[in-house]
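Presented below are the structures under discussion, each in the form of structure tokens.
What follows is chain A paired twice: with chain B in the first complex and chain C in the second.
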Partner chain A sequence: MQDLMNVSYDTQIPNNVGLSSDKRVLKALEKWHPGYINWWNDLIPDNFQQSLVYLRTAVSVDPKGWAKFDYVKMPEYRWGVLLAPQVEDRKIPCGEHAGEVAWQEVPGEYRNMLKRLIVIQGDTEPASVEQQRFLGLTAPSLYDMRNLFQVNVEEGRHLWAMVYLLHKYFGADGREEADDLLRRSSGSEEAPRMLGAFNEETPDWLSFFMFTYFTDRDGKMQLESLAQSGFDPLSRTCRFMLTEEAHHMFVGETGVGRTIERTCQVMKENGIDDPYDVDKIRSFGVIDLPTIQKKLNLHYTLSLDLFGQEVSTNAANAFNAGIKGRYMEHRIDDDHKLTDDTYVVWNMEGDQAVQKEVPALTAINMRLRDDYTRDASGGIQRWNKIIEKLGVDFKLKLPHEAFNRKIGVFSGHNFDPEGKLVSGAEYDAGIPNWLPTHADGDFIQSLMKPVYEPGQYAGWIAPPKVGIDNKPGDFEYVKLHVA
Partner chain B sequence: MNKPLKQHLIDPEICIRCYTCEMSCPIDAITHDENNVVVDASKCNFCMDCIPVCPTGSIDEWRVVEKPYSLEEQYSWMELPVQQDVGGASENGVEALDDAMAQLLAEAHKGAGGKSRPPASASKPSVNLYNLAKPVVAKVQGNYRLTSENSDTDVRHIILDFGSHPFPVLEGQSIGVIPPGQDANGQPLLPRLYSVSSPRDGERPNYNNVSLTVKREPNGACSNFICDRNIGDELQVTGPFGATFLMPNDPSARLLMICTGTGSAPFRAFTMRRQRASAGATGDMVMFFGARTPDSLPYFGPLKKVPDRILKKHLVFSREPGQDKEYVQDRMRVEEAAISDMIRDPRTHIYICGLRGMEEGVEATFGAIAERAGLSWSTVRDAMREDGRYHVETY
Partner chain C sequence: MTEKTIDFQTDPTKYRHWRVEYAGDVANLYMDVDETAGLFDGYELKLNSYDLGVDIELADIVQRMRFEHPEVKVVVMRSAKDKVFCAGANIRMLGGASHAHKVNFCKFTNETRNTFEAAEEDSGQKYICAVKGACAGGGYELALACNYIMLTDDGSSAVALPEVPLLAVLPGTGGLTRVTDKRKVRRDRADIFCSIEEGVKGKRAKEWDLVDEVVPNAKFDEIVDQRAKEFAAASQKPTGAGVKLEPLQRSIAADGSLNYTLVEVVLDRAKGRATVTLNGPDAPAPASPEALHALGDQSYLLRLARELDDAILHLRLNEREVGLLIFRSQGDPEGVLAHEKLLLDNQDHWLAREILAYWKRVLKRIDVTSRSMAALVEHGSCFAGVLAEVLWAVDRTYMMEGEFEGDNRPTAAIRMSPSNFGPFPMGNDLTRLQTRFLGAPEQAEELKSKQGETIEAKAADALGLVTYIYDDIDWEDEIRIFMEERASFSPDALTGMEANLRFAGPETMETRIFGRLTAWQNWIFNRPNATGEDGALQRYGTGIRGDYNNERV
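After this line comes the complex of A and B, so read on.
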């Protein structure tokens, strides 16, 4: 009997999908493999490739096996194809096929729609590794460097997951798409990544933490809705990816939290009560809270754009086809078809932002975005608790969803972070207070000096409360290769 | 008075509310409100499924309590309460969650002279996935005699297959085997502990199997039972147990291993782990292994084949015809320079495993070697132990 829980290492590609008895797909993946390794090797600076990094690797997809920690050189990381165990008699959870047996093969009529969703998801995975490629050079500690590399190798594994689906279920087109995932490259002139947010380099560690908190959380929501797919292999793939995605959320939330903690500590140590006394706070080498609020405004609003148009027929079609569900579809108590339901979305009527009911089927994106906002606001509260505990009078908050939007009904209109429509002049005057300026970027950049001593942290960030895998504070998370 | 009990808690200051634990709990013991994610003490059965899935480490919190904290109390927390003073509870490196097994291990590790700690770079062990109330069934996949037919000791290499049941075990950990039969009160007999002799990825890599090294003891209720099993027979297994006698993952760590008889089991696992996992390990491994004669020394053949650059072997025999009796401590004295060098190196980890009787001679020899190096052995040993670098397991 095939063992679908434990990872098999009898082929070059660790997997729990029985690759060794699926010669066609194995051959296709083995052909793709060298290109992937080349992509990885060209990406991250060589001395990090040679370093021993304390990483977790999944050895099985049940809870006990998917987080085994050990020192690994990143190019030797066991990337592989891991799917959550198949649920017996799983049914299609939503849309016109709701209640029918989930598909184990691609239904012909939805082939192109499915392929496109998989390619878009797949394209974001290597893109973020590309965006973050140089961050190791300015890591504020070995602990943070290890977390960065963990995120990177797992994004690499998520690429593998999508590439497996393309090779296994989409024949020649699938192989071509898989090759294109390695051909496109973040920020490239001729072949950029598919989504705009994935073509900007991540310039500094605060941006990285904000990215993992806000943008990876969009990724989490997309995975959540694909985990509800009636196409069972996609659902199983995404369910396992979600377990890894939780680590990325953790890196973001604690990274921003530790930055805030350090700022507040330094303010208190130096008797600074006014959080807006920016120059004085910066003179002690920490990032002032108003600048952190500006970074938050930027990353949150960029991430909202990733959800697309508020009213979308593509999203409606995907839901109706049972290809993509809603967040926590199985916990929603309705008919899962949305034939007569409505949902409230934003729209612009002249100069007025109004909320109105539209058919729920067309508002799938909006609903996911609302779920995202709820999910994202939890961390803000916990950051505020840190500020409060350290006795600083300041509160971070999410800006209004109309602010700084490039996609959807608000794009092209000048809203302030409170959601008030303002004149062009007011907008220009407000922007330096609402979004990070180049000068803010320069200041943050000036703090980005690497700290490579075990147990030591850069001055702008507090140490974590708990080590990875419960390791002690001075644990050497990365044994740096010295050439 | 109520017996104190161990309660599983989540640290609300560390938790990021990703709910991965809640989704992975097989019995819905984890739940959340707007504020916190919490564990229901009346449901949690310590299966540990939620521990590795947590990205933050907030889930690995335990308090020994007289009365468990209620869900409402836990929902209201902004931070975790400190451990109350309940009967000397210490939560570092919990070796086993049931008292009987914890006691057996405490007894075995007594020779370290104080509370044992795991090496700083050791992997985090899983403990007590299976217990007397809920054992796992393992199938015997192999049973080979390791000592020669002429030898009067019968030591066997037993391979157990766990099929589809997860059984993550680290080198140096033990598993319990439940012997057949009942005690005088009609209760099942307590499991006997055996140290695994295979590395963490299995006797055969990535097959879900482990090997044991079992010596047939006269009248041994469990050892005879195991040694008599045929391929395909089933055993009831508990564990894994043990959270301190573990190997460092650090490839530059140096290992000094001293054993007699079946005490070699964990060292076979350590050696195989190094061979499989850390090609290019820079730390050396040195082994002192005592037996009566070569044909009663388990793994004599395979051991000879491990190259010296990986493992420096000192095989000593106390009943070799025509030769003087030699015990491990005798050879240690001969190798004084090497040992003296190792005990001064902060990368060195010392492991002693075997019959209780060997402890005294080995201790005395370390003492003498340290003294000649101008060191106090008890100071060196205590510092190494506090650092997770000195480990004793004797029986």
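After this line comes the complex of A and C, so read on.
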């Protein structure tokens, strides 16, 4: 009997799924592996590939101690295939099959739907690594650089996780899709990533933090809903991915928080009370709060678009089929079928945004998006506490969900961040105050100078409260390779 | 879905869903469906999905392309929307539509597909379909009807016919038939293709002949433009300055009767019948193609074709309980032949060629109209040449024989011309006379020698050109009895019977498309597995799957 809690390192691919006795899948994965390594090697600048990075590697799926930390060169990172432990006698949690025994093999009737969901999820994982590939060159500290690389290798592992499912359960089609996951590439004209938000470069570190806070949180919500899947291997994969995802959100929240903290400190040190005294604040080399609000507006609204149409047949089908649940499905007290329930969604009637009830099944996306917004608002409050504590009179907030939307009912309409429909002229006039301008981008870019001394931080960001793995402040998180 | 009058007339100032950019001999046709502008309430045309209104615009564009833009040699159909080419017919529209509307919708879209498909052969206008993004169901059927399909290889754009797995219906615009008969996709591959929702992308789409060319994404627009230019350069199409198609002069009376300049339709709703009168020329034939061109859209045969086409479409969609169409004509047969001769003698002139090609389409539209149809060859009629084709398109033809009391119009006669021996084939690729005399091909041949003759009733009867000839004593009564008898039969049985009898002879892709649509899709549209309360089509969008009765029928 194999040990499914701990990870087997006896194959090229660490895993807890008994790969060494599953020759067919092992062979397929080993065939895919070189392409993956090439992808990775071509991706991140070479001197970082050669550097020793203090990374955590999953060695177990036991929640009490699943990772160990050590120096590792990224190309040698052991990207493994790890599934959360199987829950005995697990049932399909939702949809028309609710209460039936969870599937251990792909049900033929839902094969294509499942494959599509896995491919879309899989496509986002390497995409973010691609978007962030040059950030190492401007890291504000070795601590942050290490966090970036940790996020990167784990997104890489998440790709592995999806590729494993494709190879194991979807036959020749699955292998083809797995190859295409390496063929598509963020921002590529040739074969772009599937979702729009994953084709924009992450140009600076504030964008990176915003991305990990807002966009990775969309990823988290998607994983949460796939973790509810009646297809047990998918559920188990996603449950384990979520343990890693928490760190990504942490990197985002603390990254933005430290930026805010530094800005407020510098304002206080220099006697600036008006947070809108932008030029003066910037002259001290920190990012003013209104600009941070603009970045927040941008990333939050881009992330809302990732939830798709408010009313969606695909989402309804997936829920009813039991292959994708709602956030925390098991904690929801209803029949988990939703055949007669309704849910309130936005719609445009003429020029009027109205909320109306629609069949709950069709509003699965909207519901997940609402859960997302609740989840995302927690960090905003904590950021505001930092501002308040440092005595600055400013409050960050989430813009209205109608603002700056490209997908869904609000797209094509001009809403301001308060959710008020405005004229084209008002919109044009407001935009420089609502979304980052090119000039804002230039300014932020001007601050993006690398700091590679252990324990040192760029002037625009405060050091973290505690180190990773409880390491001291001057710990050398990355031993940079000097060619 | 509420009943409302559907108008088939539109023009570019009214388009909501398409846009055309003309660039010399290439036209770029962008599908950009306005989701809020559906023909009926109750659905949104998301993801470039379409309803009849979208297709009416497309038909108008295709028609104007031929007449107003003869300089165009290549039309590139593409999507103006990101990520999606076209998601096909709108499913909520189909789910909410009556059976009759669904069928009429499918038929009209079929005719439109056939029209742009044939544009290359008829007019030298070649349609390229440039597919970027999802191209599913009716979206791929739009592509299939184009002459050349290009698909971007971006790792996600795919072509698909997901009707069977998703909706429990068939691709309604000849999709399956075009996959096997036009693109000649191997049947087992076609079986796979039609069973998977997400379709086929990239190189496999080319390997399986689902598309003609797979193009690297970064170079897609460039290569599409290049192909368009190449095709245009290779085209021998005659060109000239276009003629503008002005709005038709049409009035609709309270009783539903229609009045155009050359066509009158008198409706008797109580009796379920419409009498369509085609009037002869109201002006002499132009002397030259240049003179024809100078008349714009007002030349006799063009105007008559447009009016007749509109009348048929109007009756089909808006007067669904009118089960019997009676065609008659009045006017100068020599005039008709003179107008026709100018076109037949000048087929190298683009406009003459277009008007003839248009008549081919209008006559085919009559062929596939699922109403009982009869023609009355009365005194004073002008069933000559192209107009005589109507006599053999309809189910029965009655002709007046001898003198009628108090009627001093010229004696009823039929006149044949080269029009009846080639330029207007039916969907089966035979002329109407060849189809009529399928068992006696020599008869169809022999009739050629009768061209130009004035064939009165007895001769027409002997030649087999008409069903019955009646004199003054019997005429009125026999016609009345025929019409009353017809009205007493089941409309469904009649539709089936007539469609079976009209298309004798060989099958072509076109007949198979209509025949299979009629037989299979209409059957499926009536089965609970698709359209029952728990059927897949009805449930589509709710997230709940169709509940199937697994009995094979």
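We take it that the second predicted complex is superposed on the first by the 481 of 483 C-alpha atoms of A that agree within 3 Å, B and C clash if a C-alpha of one lies under 4 Å from a C-alpha of the other, contacts with A are read in each partner's own complex, and residues count from 1 in each chain.
To be clear about the criterion, contacts are C-beta pairs under 8 Å (C-beta built on N, C-alpha and C of every residue); 3 or more make two chains touch, one makes a residue touch a chain.
Because the structure is predicted, anything quoted here is derived from the model rather than measured.
Undergrad: Counting only touches as set out at the top, which of chain B and chain C does A:62 meet: first, second, both, neither?
TA: So A:62 only meets chain B here.
Undergrad: Under the stated touch criterion, name the partner, chain B or chain C, that contacts more residues in chain A.
TA: The larger set of chain A residues in touch belongs to B.
Undergrad: Once the shared chain is lined up, is A:194 touching chain B (first), chain C (second), both, or neither of them?
TA: second
Undergrad: Based on the superposed arrangement, let me know which partner A:359 touches: chain B (first), chain C (second), both, or neither?
TA: The second partner, chain C, only.
Undergrad: In the overlay, answer first, second, both or neither for which of chain B and chain C A:379 touches.
TA: In the superposition, A:379 touches chain B alone.
Undergrad: Does the superposition put A:131 against chain B (first), chain C (second), both, or neither?
TA: neither
Undergrad: Name, in rising order, each residue of chain C that touches chain A in their complex.
TA: Result: residues 46, 82-83, 153-156, 165, 196-198, 216-218, 540-545 of chain C touch chain A.
Undergrad: Taking the touch rule as given, give the residues of chain A at its contact with chain C in the complex, in rising order.
TA: Counting only chain A, the residues touching chain C are 96, 112-113, 115-116, 180, 183-184, 188-192, 194, 196, 309, 313, 315-317, 319-321, 338-339, 359, 361-362, 364.
Undergrad: Chain B touches which residues of chain A in the complex?
TA: Residues 3, 5-9, 52, 54, 59-60, 62-71, 242-243, 246-247, 249-250, 253-254, 378-379, 382, 385, 465-472, 475-476 of chain A touch chain B in their complex.
Undergrad: Contact residues on chain B for chain A in the complex?
TA: Residues 11, 13-14, 16-18, 20, 24, 48-50, 52-53, 55-58, 60, 78, 120-121, 123-124, 126, 129, 164, 166, 168, 200-201, 205-206, 208, 249-251, 277-278.
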